[in-house]
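For clarity, chains are labelled A, B, C and D in written order, and residue numbers in each chain start from 1.
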Amino acid sequence: MTPVTEKKDLSLLAKGHGLPLACFAVVAFATPFLLSGNRYFAFVAGVTMIHILWASGMNLLYGYTGLMPLMFAGLAGISAYTVVGLTASGWSFWLALPVGALAASISGIILGLPSLRLKGFYFTLCSLVIQTVVTLGFIYFSGLTNGDTGISQIPLPSMGGGQPLSGLAYDLVLSAAAVIGVIVLIVIVKSTLGRRLIAIREDDELAGMLGINVTGYKMIAFFIGSLFAGVGGALYAPYIGFISPRSFDVLISMNIWLMVAFGGRGTIWGPVIGAILLAPLSFLLQEYYTVKDILYGLLIIAVIVLMPAGIAGGFLRKKKESAPPLDVPATPRGAK
Amino acid sequence: MTHRKSLLAVLATATLASAGIGHAQEKPPVKIGFVTELTGAWSFFGTSCVAGLKMAEKTLNPPGKRKIEFVIADDQTSPAQAVAASRSLDVQDKVLALSGPTSSDTGLAVYGYAEQNKVPFVVPVAAFPQLTKPGTRYTFRLEPDAVGWGYAISKFVEKQKPGGKIAMIYSDYALMRAITAGIKYQAPRSGLKIVADIAFPQGSNDATVQAAQILAATPDFVMVSGAGGFDNTITNQLLDLGIKPEQIIHPFGITTQVMNWGKRSVGSYYGTFFDSNLDSLTPEGKTFVEEFTAQYDRPPSYGENFCYVTANVIREVIDANPEAADDREKFRDAMSALKTKEKTSGIPIEFDKNGARMEYMYFLQMKEVTAKTYKAKQAFYIEWDPEVIPVYTLVK
Amino acid sequence: MSDANLIIFLSTISTGLILGSIFALVAVGVTIVYGSIWMPNAANGQFFVLAALLGWTMTVSWGIHPAIAAILVIGVSVPLSYGLEYILVRRFYDVPNRNISYFVLSLGITQILTGIFAATYGRWSDQFQLPPLVSGITFIGPLPVANNRLMVLALALSILAALFALLRYHRYGRAIRAVFQNRDAAALRGVNVKASYSLSFALGNAVIFAGGILFALAYSFDLTVAWTMSITAFAIMIIGGPGSVLGAVIVGMVFGFTQAAVSTVASPTIAAFSYLGAMLLILLFKPSGLFAR
Amino acid sequence: MNDILLDVKAVSKRFGGVAALKGIDLVQHRGETLGMIGPNGSGKTTFVNVISGHTKPNSGTVSFDGRSVSGTNPFQIAKAGLTRTYQAVRVFGELTVRENVATALVDARDAASQEAVAEIADWLRITHRFDKPAGSLTLMEQRQVELLMRLVQKPKLMMLDEPVGGLSSAEVRTMIGVLSELKGRCTIFVIEHTMKVIRELADKVVVLMAGEKLAEGPPAQILADQRVIDKYLGTADA
């Protein structure tokens, strides 16, 4: 009868994620080995891992904080360009990565400022325009970014001993990044920080009234979410070997967001599933290129019509509805 | 430009090809990966290129020769997809070489993959200089580089009007920036003056004001190069304001563009590397133009031609060097040593140490536009060594 | 003022007007749909291009006169809108946070249209041009202006004026505006809210189609225009205040003039940055838009 | 009762050209229940918005618990111990009651203990709804959840904006009972149209009229005040 405490709540929910997390980690680390015979499928899996990381970051912002930042890919791009620039001037990739990720985070905070004044979808439209400006910036400041030509032959990061990080080793690094990203997200969501963010998502005015520093926590969400974008962007550049403004344009932002919406915003695993299903799609549908966009569009519409809360959301909601009522009879108390 | 095997290669074309016949039939086909733009912003160029390739495929595999098979993959006009497609073709299909992209950024993306993974890469149409930058080993490009086009335009203007004034109006794309870099470098050396330099951001719609600025600068020639539909908008708005067609130079003109410039542009000039109106078309070139026109309802341009020629070049190299059909290094060496001519126009093809071609450009003047075709007349032709100007330092 | 400067000045004005009125049309279409059914239609750019492409097919392939083609194209938008409304849009009328659902939906439509365009028109050309409505040149002072451009401008302004009259004076228009302001209150006052929804959806799209076909008559275009136009229309709507038709018109005009004018003193790229920058400033300091209702 | 909890001096607020509040002065002592009445649009909610930091006043100062809170953010004011409810009930509808409470606890200055939460929930008779999404509850239950979320934060002052709005008459009676017990837990500031609530709860009543303070005093005196009757009670829905 006693209200469940924060702590009990935490352990209960953490337990709820323990098994899927273990499964995910096993799959994530096993995949590169299983696919090591085929560099192409391994590559597609690697790109998917980066998207899982990105989707988790987007999920923190969109799913848990209620902000829909369509400049997410732009932030990844800021990090990627920073890292490529720094490594070209002699930095080690592993030193450049945190700097790039930090650059993305700081940019995320600055570009996220409109979210303090703009609510809901208004901010989304604004971020769409911000993304456009960022893309224009990548093209315009060609001294730093090489414009729309892009930068090719990005060297692979080196491992210890001067060996380049390639093949299986790189894939494992990406798997680790995805797994760590998901773990970080779980920890955040289960912490009081997560509770504050959810409160802001649900009703930021009410959250402020309850003593939650809405401005501060939105900025923290942007900082962390952009960090996901940044780490992903930094790892993406040498993995693909090429970056250009088109690698981080609005369509990529929308794609990442779609993975979250498709999988189920505000759930840990929905966006992971979304990324696993959608990220490889464009690689695997290669032969159906004429109808690929159409199929993709139909898929989007089908999901929004049939499962508006995403795959995980649709599944969870059904489960919730079919669960027996949790009502406990009220303690009888004397009437006044 | 001299290579150990160049002589051998030429001889091989004529003599050694027949030697391989006996074995060829038992061997699996030689696969060439063709990564190109079938969807996305550049899909027209990719599709046109494939159309040229298909024309070549009709006669590419006569009985008795080792079969060459092109595996076509869509890169969605996205560099990341281009890399993925290259990897897929390399790993899954085990292609001998890559080819295909028609845009600079997808081209550079494939270039990075090819050079890093030692896969020969034959570029039909992508003009960005960095594709053949010093140190390039596996990449060979048929199209002259865009900085060179700028050089050629300056040379053309120098000949038309010594001491002339050039204005430049173009979309802010890598390709256009490269062209203007070449003009800017060469113009003073050719005694020309640049009087206006206007770049439009991607996604611009209207050029009237800028056309008025051009008009105010009273140039002798205007170099016009917009992206997509905007190219035509700029051209029309310049003409609207009273710039004469004879003053307009388009750095490149493909069939749909020339048709869209239309009757009012008759008299204007455009650069090209192959055109149905060339005087120098070979009999095979004429057949190519006729058959292509019959099938696609428009004459082919240089894009289709380069893709057509690419297939023929690969045929020629494999015929001359049967051992190159199954060995990437040998194929690379054979490409590097190649000394041949475009079957359609007779223009020589040979590559320098970086895989850049001995370059050339035609300038044609529009003479007539009809419903389905157009007439143009050769006004200027120039050949140059790819490094006659410092292309690789002008554009990074 | 020298002749050359006068030409630059006059061309800035004419460009600002034409570009501005087309931007205004599209933004008005978007804002009508957003204001009434909360649908941020990301496919507006694709609709815009669809109109232009249909116009191209009718004039270039079938040889129909551009004026008739323009009317046909706008006519085609009506059954298309009602069809879409019937199959998809109406499912979300009562969904909470439906703007996000609609956004996703419109992204789906965008993808489908992109795919269709790429597989059809995209293979035929990378640029499209319609024959002019009228030929000839008129001199405004020293500036020669193609009559076709003047015609497009006149049509765009007339459509905008007609739209204003419709929304202000006709009962359909008043019903739409009532729903804009408050859906529940409008229902109480006897407005058929659902009917007004489908009407606004159709009207908004018809205006976008009108913008598309007029654009195609004034300029050459290609398939990439779609995204640029989507973003521009959203930016105009945000600055003008969603649902504000007047705001969309004024800000659309300002955008047109900015593109034309800034480039006379700086580069066209700075012009693009400047209006996007203006948007961010407005969002930060007056987030409800300049002409919020 | 000399301990001043809320001290408002000359607060004015304009929206565009309309003056919503014109130089309001107001003092509330610790433990004193203050009722605010006035016709619709007289500025009552704006007043609460200004005090709770949701709206920045054009001029005037607010001090709470001896400290100036003018110009600070709602969350800082909330942390100082001033809480409020909204005219339209406002809970995290998608979250369960339990999660609502947990959210209220995370940033509370000295959050209630487990037992205290249970005690308050039992007192509000909402415990049995703890695992229901708050949005699925009845209006009355949601009002109770609102109170619960505030009380676990141990506020010093609770500002209630029409706490019985929309409730049935039986529920109003229950709510009045709850609110009179609430007086033992924190100081109350209540906006109400229902005079019964004011009469039964308030120690002092302030009448707001077109953004100005029309009258102030004990309920009996105010409700009998001729000016108040003429201008408000006689005309409005009281």
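The criterion applied here is as follows: contacts are C-beta pairs under 8 Å (C-beta built on N, C-alpha and C of every residue); 3 or more make two chains touch, one makes a residue touch a chain.
The structure presented is a predicted model; accordingly, all values stated were derived computationally and were not measured.
Shared contact partners of subunit B and subunit D comprise A.
Centroid distances built from C-alpha atoms place B farthest away from subunit D.
Mean C-alpha position of subunit B lies 37 Å from that of subunit C.
With centres set at the average Cα position, the gap from subunit A to subunit D is 40 Å.
One finds 33 Å separating the Cα centroids of subunit A and subunit C. Centre-to-centre, using mean CA coordinates, subunit C is 47 Å away from subunit D.
The set of subunit C residues that touch two or more partner chains comprises 115, 118-119, 227, 269, 272. Shared interface positions of subunit A, i.e. residues touching 2 or more other chains, are given as 136, 140, 290, 292-293. Taken chain by chain, the contacts fit none of the simple shapes, being neither an open path, a ring, a star, nor a full set of pairwise contacts.
Applying the touch definition to every pair of chains gives A-B, A-C, A-D, B-C.
Residues of subunit B that touch subunit A in their complex: 38-39, 73-74, 76-85, 87-88, 90-92, 104-105, 108-109, 111-113, 115-116, 128, 130, 172-174, 177, 201-202, 395-396.
Against subunit B, the residues of subunit C that register as touching in their complex are 4-5, 7-8, 11-12, 14-15, 18-19, 115, 118-119, 122-129, 137, 143-146, 149, 215, 219-225, 227-228, 259-261, 263-264, 267-269, 271-272. Only residues 52, 54, 73-76, 78-79, 83-84, 86, 90-95, 98-99, 101-109, 114-115, 117-118, 121-122, 125, 127-132, 149, 153, 174, 177 of subunit D touch subunit A when the two sit together in their complex. Chain contact summary for the complex, subunit A toward subunit D: residues 1-6, 9, 192, 195-196, 198-199, 202-203, 205-215, 326-331, 333, 336. The touching residues of subunit A, when paired with subunit B in their complex, are 38-40, 43-44, 47, 136, 139-140, 142, 146-150, 152-154, 240-244, 246-247, 282-283, 286, 289-290, 292-293.
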